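Down below are the structures I want you to see.
Here chain A shows up in two complexes: once beside chain B, once beside chain C.
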Partner chain A sequence: MSLEAAGFWGLALVLLASSLAVVLSKNLFHSVLYLAVALVATAGVFLLLQAEFLAAVQVLLYAGGVVTIVVFAIVVTERLVGERLAQTNRGVFTGGLVSLVVLVILVLSLWRADLPRTAPPPPADLTQAIGRDLLTRFVLPFELLAVLFLAGLLGALFFARKEE
Partner chain B sequence: MRDVIAAFILLNAVVLIVTYLTYVERKFAARMQSRIGPYRVGRPHGWLQPIADAIKLLIKEDIIPALADRPVYNLAPIVFLIPSLLIFATIPFAPGLGLADLNIGILFFLAVSSLEIVGLFMAGWGSNNKYALLSVMRAVNQIISYEVPFVLTALIPVVLAGSLQLSAIVEAQRGLWFVAYPVIGQLAFVAFIVATIASENRVPFDILEAESELVAGFRVEYSGMKFALIQLAEYTHMFGVSCLGTLLFLGGWLGPGSAHPGWGAVWFLLKALFIFLLVTWVRWSFVRIRVDQILGLSWKVLLPATLILLMATGFWVAWSSGHVA
Partner chain C sequence: MGLQPYLILAACLFTIGLFGVLTRRNAIGILLGIELMLNAVNVNLVAFARFTGETAGLIFTLFTISITVAEVALGLAIVILIFRVRRTVEADQLHLLKG
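Moving on, here comes the complex of A and B:
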């Protein structure tokens, strides 16, 4: 087994175990910590695929940003307001159904897709290539995202304003 | 194998330097307050004090609060320390003297150092202590607020140099250090220093450990070796950010005789020490400001200012390279 394969299987194991722990852990705070592990392991997978830029962004935005905000929400509601947050959910059946459907869709689409067996050579400067594509080929989704963020900001302002 | 040995040497060198940075800070602070500072342990001038402190902390009793979340509480100092040490992986101390000169160097630095907050959370939550919890709440406010201006100011040298690679950013400063770049450089450097002080939680932004209200903030329950690890992580991170400031604004290893890696490293360390002392100087000169003032400064002053500065830098670079008619 090559070093790359060993790295992949090791990361896959960590990723699966921590993802399972996110949903199975009874303690909500522990769930978030496992989520952070899962997100960093995903960045590791990106690194294995030689997408360093993506790996760094993954860590910066998800592990650094999203986890921070989730933990903040938990700390404020559970410890300071004293409201108990339940991690379990009654809708086991529907939840299972939805995840089964997602699994089938994912497996089917991967099965049908004609994936290349060998990795295409990465462009010389990946960061530059991403930047160029983002502002030319994918400029519409990029700008739509900006509009979405603006809407989010305005929504936050609306909820945070002083009651008249 | 060579990389492993290099990493081992780098790690130990960093820890040793950081240990002595605490000594430098204590002496510097003492000087500012007309005291002498550590003097008794080791002659001359108590130079063995950091070693003595380390040994003392090592052999102290390790106390775990009865109601603490044990695994989280015990892991927190380690999770807190690892990102602080990892950021040194990509820092070039001199040409060819560094572990990995990644072509996304600065992004790696920012990403890894943003992981520090996870350890902070674990410490604050795991202690199950109201002071620690309040401290973590304040930390989130502050870190979310200052992460954005910090990243934006760090991007200004990136735009000027046209590269994310730290060694390329230094090479771009061969003619003129970015701190001396007309107008843009000085404003960006000031913003960088302010954002650094805030993201390192130092006075005047140290509300999360505010001794008079929160005892010691998120680390109030820690003792012995775990306390030492948290302390080490904070100073290591401070040193790392000083190194980043040196690379981004002060021309890294550039200086007389810097063609030789040895001299380059000397210049680099001197400049990093300068930034560290600058931050320490602020720390011992100001008083703590209120939470709302800290957040107001970030969102109402620093964020718009750095955003405008970054856009201005972009326009200037595009204009001077002839892309805009």
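Moving on, here comes the complex of A and C:
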């Protein structure tokens, strides 16, 4: 078994186990910690796919940013009412059935599809290529993203304002 | 390693996230499920970018990651706001808009 395959199966195992723990854990705080594990494992998958820059972005933004924000929200919403962090799932049977059907459809179509088996050799400097394309081919979406963030910032300020 | 194992892994992650969104009662738990689904999409995009030798997939991933972070921040702001008004984050009890 090649190194890439070994790494892939190890990461896939960690990813699937931690993702299942995110949706099944009874303690919301544990869910968030398992989400952090899943996100870091995803960064590992990005490394396997030769996307080092995206792995760094994933760890910084997701595992650093999102997890911190979610922990903050949990502390604010749960501790104030003095409840336990326990949470339950509802409609497990229906939800499981719907998810299973979606999974079967996806996997069946992927199984039949004619997909490439070998990857082309990676370009010399992928990060450089990303930077160049971001400011040439994709400059309009890039600027639109800035506008979206401005709107998000204004929305957050609106939510955080004092009630008159 | 071909493209297929990566796509199947992403499909599994996506359905796990879907299960979380459908079954969680807590609004924050639902957001965590959405995170998992978006993460699965990122795996797909990066895998396709690697196997087609095209940088577009990587840049799309960059966009989805940043949009997701903004979405989580605003979603949690809404959750905290709802909590301030209604004193609960249980999605079942938030039926203000129900006719």
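Rule of thumb we're sticking to: the second predicted complex is superposed on the first by the 128 of 164 C-alpha atoms of A that agree within 3 Å, B and C clash if a C-alpha of one lies under 4 Å from a C-alpha of the other, contacts with A are read in each partner's own complex, and residues count from 1 in each chain.
Here, a residue touches a chain if its C-beta (ideal position, glycine included) is under 8 Å from a C-beta of that chain, and two chains touch if they have at least 3 such contacts.
Values in this document were obtained by computation on a predicted structure and should not be read as measured data.
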item: Chain B versus chain C as contact partner of A:Leu103, first or second or both or neither; value: second
item: Touched partner set for A:Asp125, first chain B, second chain C, both or neither; value: first
item: Partner chain in contact with A:Leu49 - chain B first, chain C second, else both or neither; value: second
item: Chain A residues touched by each partner, larger count belonging to chain B or chain C; value: C
item: Touching partner for A:Val76 - first (chain B), second (chain C), both, neither; value: both
item: First, second, both or neither for A:Val57, with chain B first and chain C second; value: both
item: Partner chain(s) touched by A:Gly65 [first = chain B, second = chain C, both, neither]; value: both
item: Contacts of A:His30 with chain B and chain C, given as first, second, both or neither; value: first
item: Touching both chain B and chain C, residues of chain A; value: 53, 57-58, 65, 69, 72, 76, 80
item: Partner chain C, residues of chain A touching it in the complex; value: 2, 4-5, 8, 12, 15-16, 19-20, 22-23, 28, 31-32, 35, 38-39, 42, 45-46, 49-51, 53-54, 57-58, 61-62, 65-66, 69-70, 72-74, 76-77, 80-81, 87-92, 94-96, 98-100, 102-103, 106-107, 110-111, 113, 115-120, 122-123, 126, 129-130, 133-134, 137-138, 141, 145, 148-149, 152, 155-156, 159-160
item: Of chain A, residues touching chain B in the complex; value: 27, 29-30, 33, 36, 40, 52-53, 56-60, 63-65, 67-69, 71-72, 75-76, 79-80, 125, 127
item: Touch list for chain C against partner chain A, complex; value: 1-9, 11-20, 22-26, 28-29, 31-33, 35-36, 39, 42-43, 46-47, 49-53, 55-56, 58-59, 61-63, 65-70, 72-74, 76-81, 83, 87, 89, 92
item: Complex contacts: residues of chain B adjacent to chain A; value: 69, 72, 102-104, 107-108, 110-112, 114-115, 117-118, 121-122, 124-125, 133, 136-137, 140, 143-144, 147, 164
